[in-house]
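Chain nomenclature is as follows: A, B and C, assigned in order of appearance, with residue numbering initiated at 1 for each chain independently.
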Amino acid sequence: MTRAPLSLKIAALGGLAFLHVPLLFILLYCFTTEEKSYAFPPPGFTLKWFGVVWERADIWAAVGLSLKVAALATVIALVLGTLAAGALARARFFGREPVSLLFVLPIALPGIVTGIALRQAFGMMEIPFSVFTIVLGHATFCIVVVYNNAVARLRRLSPSLIEASMDLGADAFQTFRLVVLPNIGTALLAGGMLAFALSFDEVIVTTFTAGQQSTLPIWMLSELIRPRQRPVTNVVAVLVILVTFLPILAAYYLTREGEAVAGSGK
Amino acid sequence: MSLATFELPEPREGALRRLSDVLTRHTRLLTLLLLVPPLLWLGLVYLGSLFVFLGQSIFSIDEFSGTIVREPTTATLLELFRPANYDIVLRTVGIATAVTLLCALIAFPIAYYAARYAGPKVKAAFYLAVMMPLWSSYLVKVYGWKLLLAKEGAIGWFADRLGLGGALEAWLDLPLVGGPSLSVSYTGMVLTFTYLWLPFMILPVQAALERVPPHLIEAAGDLGASPGLVFRTVILPLAMPGVVAGAIFTFSLTLGDYIVPQIIGTSALVLGQAVYTLQGTAGNIPLAAAFSLVPILVMAVFLTVAKRTGAFDAL
Amino acid sequence: MHLQTSTATPAVRFQGVERHFGHVRAVDGVDLAIAPGEFFAMLGPSGSGKTTCLRLIAGFEQPDAGHIEIFGETVEGLPPYRRAVNTVFQDYALFPHLSVGDNVAYGLKVRGVGRAERDRLAREALAMVKLAGTETRRPSQLSGGQRQRVALARALVVRPKVLLLDEPLGALDLKLREEMQSELKGLQRALGLTFVFVTHDQGEALSMADRVAVFNEGRIVQVGPPEEVYERPATRFVARFVGSANVLEAAQAASLGGAARPSSLRPEKIALLAHGAPAPEGVAVIEARVIDVSYQGPVRRVTAVTEPGLTLAAAVPASAAGVIAGATVRLAVPAAALVPMEGEG
């Protein structure tokens, strides 16, 4: 393998820097003493905003709601996404393409369309806004994340493993529990974590299905439109980065390890 | 050599095992049973709401009472072609095009380096460095650019220190791309969108480039082609499906967004904002539905074209 | 050689079995009776239906028509887990998430055998295939040959009435393959089990099996002991596929002293005759021009064309002198070596 030209190296690293530098600035502004503007460089540094966030009940209520919604949406997405993957991973039947398109549709269509459509449906069925309505919206687009992870792993799973299990006397349920589940477990976990991160982060659909409730992204959006204590928003943003960073990193290592295991089957 | 030391028990019979008999005999039934719950959710709840909402584009609104007139008409759909509305569509498609081109430009070197020159360790690091921003909070990322683009913010400060303050002023004085500050200009909006969707472009382009066999590039070199010629005639055509696949994301995500233009951008509306205002303060659901059809139609056309170029294999 | 008496209940019986995939008739009317304790080979090129037949016995496929019995019990409609047959898969299909010991004990576990008991039985089975002490390893840590043995132990530990082997030696290198051939044969004799194995390698089928069924296009074209299939191929296909015999048309066979019927002629039955040497009784001698010679170790394979335009392949001792392309040779064809073929296809 030849060495990369210097210009390519610079362009590649520059591109990556472009992806990461803005996040560093968010961290920097957590410590600024200036709360009315985004003056650069910050006139002074302080740790007081961490204390302020700690005291703010509205933020913690929003965090609580977001965690609750993300957990529920993830559970629903795990169940429905796994079922769908089980049905579509190998089956060949008429209508398979439209069905798999249907699973992708919620993330392929603009969130605002999904959001308004669901809001209208709730309105027509006279369902009041609640945690349930937010979860319903989130699960809709989280299913595909679990589905994609599960389908990819199921397709790599040699069909002869399932045949071998049945050949040795296991019925369909034993085969699922003893062979399929252990082999797709990490993929499901990874899918679940990504679904969790996606839900924890979601703002557009939530805008339409939350009513007066405030998830963390909704809280942040209102701060972005009408900033009050700007550094407080920064502290919350860093918190959000951390909460989503860990499951994503875990999901990455889970799927990598899973590939190593699944790839060693033969 | 014998195994006759143990009496093998019969497997336990039960309802589950009998159900398993039926399901293994009728695999279609199994597929169907697996599909029913997700299909009920997505097909009924989601698709149902979608059709009900989008279907209202054939209704119109009573100008005086503000109520929806439930009689089929093409008037609402035709309203899209009124200059003011048509401008919104054109403006949004223009922004999406600019974002897509910029994304492709920045993504290519990253993807090319990762696909052709990086060893396994570096490649894993690159992958993580792309995946982390992809999955991190959308709002946080928008917020990061609000900080950077603000008049008093870091970009302005660095431009001044590097003696580029004048250039930045001159750029902002330009019509169309300029504005009072970066955070209230199309330039800022396009930059933010590019930042948001860049990972969606890098990943498929890299996937496409990794499928270019290295010996093909070497063969072209052996035949005496200059690096530039190899790039234009071998690498770029083979990377194109990846670029198109990435463009599916960058394009559709930009078309539907209404939050970035709300936070960073000019007062001129884009599609997402128009839908948001129409369904909210204006209460004109039929026109909101009609507007919602635009990104769906644009993407349908885009996808049909993309399918011909083989972009789906690069997804 | 085992007896194939019709009075005993066959281990496996097929009656007019068909299996279609869309418009493809993968198995197109197969009748078959495999005797208990027999080592039975299904031989054929890929796509000839042999693997589908194996899968029909295992229960991974269900017939579209016909009838299948295993030791007298009708099995159509029975799922694989209700059949007293077990399979050694071509890719071994070892469970990657389980240790070698747990792989072997899997069939016992799903039958509810306790931990201690199934560990003991798994140890025994592994010892039987000469893999004692590998219980705690992962399948990925074993070589191809070792995985094959684990797959064998895993299938045998649940004591099937019939063991099915799908291209069992296909993935092994030559030396291992020869070793496993004799081992499989020994194991089959010691356990007295019925083995049914699928292969596309005629050498493997001939050397291991008690009887061979040759498949072509979804049908069995010939069944019989290896010697019979090799010496007396019933059709052109068998003649060419098993040991690549020369196929002669009726007139050509007659001109060489055989019956006026399409006949097969094994290359090794053709001898070279020195110039001027008299022709022995019952042997036709023809002159032919050598067009190709390939050295194959013990023999040279000579392709030659006779004056009437008949192309013959002959396997002659490698030491034979003067056999080069372009040379004219005298070929001696014993009339007894011309075997008329009865069947079509």
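In this text, contacts are C-beta pairs under 8 Å (C-beta built on N, C-alpha and C of every residue); 3 or more make two chains touch, one makes a residue touch a chain.
If you want to know which protein each chain is, UniProt gives these names: A, B = ABC transporter permease; C = ABC transporter ATP-binding protein.
Worth saying up front: this structure is predicted, and the values here are computed from it rather than measured.
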Chain contact topology (line, ring, star, complete or other): complete
A-C or B-C - the one linked by more C-beta pairs in contact: A-C
Where subunit A (ABC transporter permease) and subunit B (ABC transporter permease) are represented by their mean Cα positions, the distance between them in whole Å: 15
CA centroid of subunit B (ABC transporter permease) to CA centroid of subunit C, Å: 55
Interchain centroid distance [CA atoms averaged], subunit A (ABC transporter permease)/subunit C, Å: 54
Numbers and ranges of subunit A (ABC transporter permease) residues touching at least 2 other chains: 166, 169, 171
For subunit B (ABC transporter permease), residues that touch 2 or more chains besides their own: 11, 20-21, 24
Overlap residues in subunit C, where contacts from two or more other chains coincide: 79-81, 110-111, 158
Complex contacts: residues of subunit A (ABC transporter permease) adjacent to subunit B (ABC transporter permease): 1-4, 8-9, 11-12, 14-16, 18-20, 22-23, 25-26, 29, 37-41, 79-81, 83-84, 86-88, 91, 93, 99, 102-103, 105-106, 108-114, 116-118, 120-121, 124, 136, 139-140, 143, 166, 169, 171-173, 194, 197-198, 201, 203-204, 217, 220-221, 224-225, 233-234, 237, 240-241, 244-245, 248-249, 252
Interface residues, subunit C side, partner subunit A (ABC transporter permease) - complex: 58-60, 79-81, 85-87, 89-97, 106-107, 109-111, 138-140, 154-155, 158
Contact set on subunit B (ABC transporter permease) toward subunit A (ABC transporter permease) in their complex: 11, 16-17, 19-21, 23-24, 27-28, 30-32, 34-35, 37-39, 41-43, 45-50, 52-54, 106-107, 109-110, 112-114, 116-117, 126-133, 135-148, 150, 152-154, 156-157, 195, 198-199, 202, 214, 252-253, 255-259, 262-263, 272, 275-276, 279, 285, 288, 292, 295-296, 299
Complex contacts: residues of subunit C adjacent to subunit B (ABC transporter permease): 62, 77, 79-82, 108, 110-113, 117, 121, 124-125, 128, 156-159, 187, 190-191
Subunit C partner contacts - residues on subunit B (ABC transporter permease) that touch it in the complex: 1-3, 5-6, 8-12, 20-21, 24-25
